[in-house]
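Working notes, structure below.
Chain IDs A, B, C and D follow the sequence of writing; residue 1 opens each chain.
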Amino acid sequence: MNLKELYQEIILEHGKNPRNLGKTSNFNKDAKGDNPLCGDNVHVYLRLNEQRKVEDISFEGSGCAISMASASIMTDLIKGKSDNEAKEIIEDFLGMIKENPELKSNILKEDDKTKLMCLSGVKQYPMRVKCATLSWHTLVSAMENKGKKVSTEN
Amino acid sequence: MNINNIKKEFPIFDEKIQNNDLVYLDSANSSQKPKVVLDRINDFYSKQFSNVGRSIHYLAVAATNLYENTRISVQKYINAKDKNEIVFTKGATEALNLVANTLGQVILEPNDEILITELEHHSNYVPWHFLRKSKKVKIKFAEINEDGDIPLENIEKEITNKTKVIAITHLSNVTGAVLPIKEITQLAHSKGIVVVVDGCQGGPHLKLDMQDLDCDFYAISCHKMYGPTGLGVLYGKKKWLEELPPYQGGGGMINEVKKDRISYGELPNKYEAGTMATAQVIAFDQSIKFLESIGIENIIKHEKELIEYGQEILKKNNSVKLIGNPKERGGVLSFTVEGVHPHDIATILDETGVAIRAGHHCCQILHDKLGISASARASLGVYNTKDDLDKLNDGINNCKKIFGL
Amino acid sequence: MNINNIKKEFPIFDEKIQNNDLVYLDSANSSQKPKVVLDRINDFYSKQFSNVGRSIHYLAVAATNLYENTRISVQKYINAKDKNEIVFTKGATEALNLVANTLGQVILEPNDEILITELEHHSNYVPWHFLRKSKKVKIKFAEINEDGDIPLENIEKEITNKTKVIAITHLSNVTGAVLPIKEITQLAHSKGIVVVVDGCQGGPHLKLDMQDLDCDFYAISCHKMYGPTGLGVLYGKKKWLEELPPYQGGGGMINEVKKDRISYGELPNKYEAGTMATAQVIAFDQSIKFLESIGIENIIKHEKELIEYGQEILKKNNSVKLIGNPKERGGVLSFTVEGVHPHDIATILDETGVAIRAGHHCCQILHDKLGISASARASLGVYNTKDDLDKLNDGINNCKKIFGL
Amino acid sequence: MNLKELYQEIILEHGKNPRNLGKTSNFNKDAKGDNPLCGDNVHVYLRLNEQRKVEDISFEGSGCAISMASASIMTDLIKGKSDNEAKEIIEDFLGMIKENPELKSNILKEDDKTKLMCLSGVKQYPMRVKCATLSWHTLVSAMENKGKKVSTEN
């Protein structure tokens, strides 16, 4: 185990100063997610334009450094992407957190990949995986606009 | 693992019981436990203990994983489609209460009918009786035939357009009859009827395949399956477990709790309120592994041989009357001895280390029907041998001698 | 038994947890188990196992006696008047569900009020919430004061002539506040109100005297009292247990079972349907004996010293904020660290073997009130030492370092 | 343990041919008792005359040799006694089964005492004590005419 890998500078920095925090104006998709066992919760808002591009994305919520950093980095990377690109990134990220050693998609620039890979430290902390993935699952739900709440209890 | 040599896996058979070797013929009541299960309990408590699902420290994470592993083992063992169809309860009785209570809240209206059978254990009657009181539903009893069997026709003829639930045992703990659950389910589903199976005796003695049986609920008693006491499993089809309300409320089963409202967690948490039987669940994984290491086919074959042998010697013993003569009999030989009351039989057998059960075995309806108030029951586990049955027979002869018969 | 040397009675402290000594500060979640309890479980299963209350062979008789002995030990330990006031359940959560459900059937009418507190664990809220749905009763919340206490006045001012039940914790699992149950009961009884106490944290940390408290029900969680998982105790005054209906139906709780009617057994069987957690009940006797051998007064004294020491060092640690400052605090120190989320604290502490809990501890109402979504909690058992608390403080300092605070 | 002591001749004989089986005519007191765990049940009938003497007593029921013999011997010994004498005998019997080595009352003749002492074999069989005492507890209840069912489940 390695706390240094979990709490890398970039995580701590995003955790402390999360980007895209708040409710974006004129959002047209949103979803809530929570982790009932620990009380973490997140609300993801996005504005998908007619070309199905994510014009804006933001989140509200409270949680640990990992979950705040993950939501912060996620919103940063997803902003400006098309919905298909977004889906590919999400899948890539979740796959990496689950089992893959690396990110595969080539939509992301190298330094964006590096940012995301910083979250891979949670792999060694199974109970913290949920912290890193909650906002991502919630984003999926927002994009599908199921209107159903996401919970990471599985 | 070789079934012919299996007694040695069970520490209790190393003990002398009142100076006798133990001849344990009370497994339908509760089975003995193999060493692997006891070791797991001890190891878990002494090296790894933590509560599950709540904390995120190392021990808690490890315990949670072990706990969820058992869920997956059970899922595979009973061939359920989804691990979230496995709910841990304190026993089969609680599992049946859970189903009756929650189905009662959702699908039952006054005058609806619940169809059970004359073979049912009180645990598969009393929970439905509660609904007779609270929901004004009716309970009907499918009759046994003269062999102590419930043929499909006897179910079919009790079904009306008011029948909403059929609650039925997989294997009778008195006559040993194995009921045609798959056919009953087919029939029931063709009429939109929910099927709840009391699998307490099915668990240890039959191959369990939920997707094949296709029943809606199946209740299992872990302590009868070489597992710890204080644990049961409710299998429920996902669509039902998602639709029905929670049964007990408390920690771990919630999603969001506010002063004016509460939302409930998803499966399987929704039905697992409060601290569960953590150590028991984790140890039950070893019971499943133990069963798998022998192979249920081998267990069935072994018990079938014993049942046939037992029937043979008891039929030869005049004054012994076997209860039931079902087409397919699993694990249980109940009988009476002319002129000797079952309690006296049990006491006399006990004197030589032969442990059987005497009484109504929580099946008063059946005993009423048979016109007796009690019976003697020898029930089998993987560890029994023909020799055990010979000792049973010797003991019965001893009863006859004492009673001057 | 000497409390200063008690860690050695608990096998888990011989283990290395990720190469560290275990500093277990999560006992409010579940306590570790002393060797005597583990040995009893193992011995019972491997030398004496049988189901209780049903068969009359030697092992069954012996097990039944052992089982009933625990009932008497518990009765004496909590100073209940009658052994039949002790009901075994699968946990405190089930005990509270049992009470809410059965009281709901008998004494509650629409618009009646149930008074709970902002301190309650979900297990003492959700079961009452069910009645809000099914019986249209109202739930009111007595407010905490700024110290995280519930003074008697805060209860008194919420009582109306509609209040039928006060359901309240003995010791908060978050603020550690010990509530004045005896006074609350006096007040409540003077107005004909039933008092239900959630004694989960009272069990391990306080002297239990039912006749002195005079509450109507008291729920205990055995796994928090150095006992096995999957077991709880419901104390209920005899007049209530006799008056209320059974909660679950099944084997063992009946008197006479006919096709058209069922009569229920007497206490304690009436509330113990199905095969109970036999081995766990029998082993819990050793937990009681273990507690008695130290003496609850010594435990209270020891834990008080630790709590005072813990408060002292944490108060000195700037950026640590203790939650609550109750007049009397038992067993629990919850806190937040400015700039570090409780989950991150828990993970970082865990790295050095310090096990605490982070989250809402099944008290969302309280956390909402405090304006936080989670807190960190260090909770004590008999085996903790000042050194453990020093390690907690070191860990918190390490968090601050990692987070650059 | 000693099966011979439990199943003495006299027990087996009374068990096989219980005296006073049936419903006595014109009974004016009765009670039912049962042991829910094993299904044994007994119904005791008695006719107490104005001098409070037990003019007749009988029982119905089914059960093991011990319970049938106990009811049979009990009815035999109680018949003709006053209600106070009956109470003394009952108390004496229950005391003997529970703890006393011998019967104390001197209402009973020596050979009646011998008969009763035959039931003391159950002392070594705790689960069978209920078999021996059920009819006696039921008699108490009949005499008190509580109309409440007796159960030995405690």
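The working rule: a contact is a pair of C-beta atoms (placed from the backbone, for glycine too) under 8 Å apart; a residue touches a chain by one contact, two chains touch by 3 or more.
Just so we're clear, the structure is a prediction, and the values are computed from it rather than from any experiment.
With centres set at the average Cα position, the gap from chain A to chain C is 38 Å. Averaged Cα coordinates give chain A a centre that lies 78 Å from the centre of chain D. As a whole-number value, the distance joining the C-alpha centres of chain A and chain B reads 46 Å. Of all residues in chain A, those that touch two or more other chains are 37-38, 125, 128.
Each of residues 18, 54, 56, 60, 252, 254, 256, 343, 347, 358-359, 364 in chain C touches at least two other chains. Under the stated contact rule, the graph of chain-to-chain touches falls outside the line, ring, star and complete shapes. Pairs of chains meeting the touch criterion are A-B, A-C, B-C, B-D, C-D. Chain D meets chain B in the complex at residues 1, 3, 6-7, 12, 16, 37-41, 62-66, 68, 125, 127-128, 131. Within the complex formed with chain A, the chain B residues making contact are 53-54, 56, 60-61, 64-65, 84, 252, 254-256, 263, 265-266, 269. Across the interface of their complex, chain B is touched by residues 34, 36-38, 125-128, 149, 151, 153-154 of chain A. Residues 18, 339-344, 347-348, 351, 358-360, 364, 367, 373-374, 402-404 of chain B are the ones touching chain D in the complex. In the complex of the two chains, the chain C residues touching chain B come out as 11-12, 15, 17-18, 22, 26, 29-30, 32-33, 35, 37-38, 41-42, 45-51, 54-60, 90-94, 96-97, 121-123, 125-127, 129-130, 139, 141, 221, 223, 228-231, 248-254, 256-259, 262, 273-280, 343, 346-347, 349-350, 354-359, 362, 364-365, 368.
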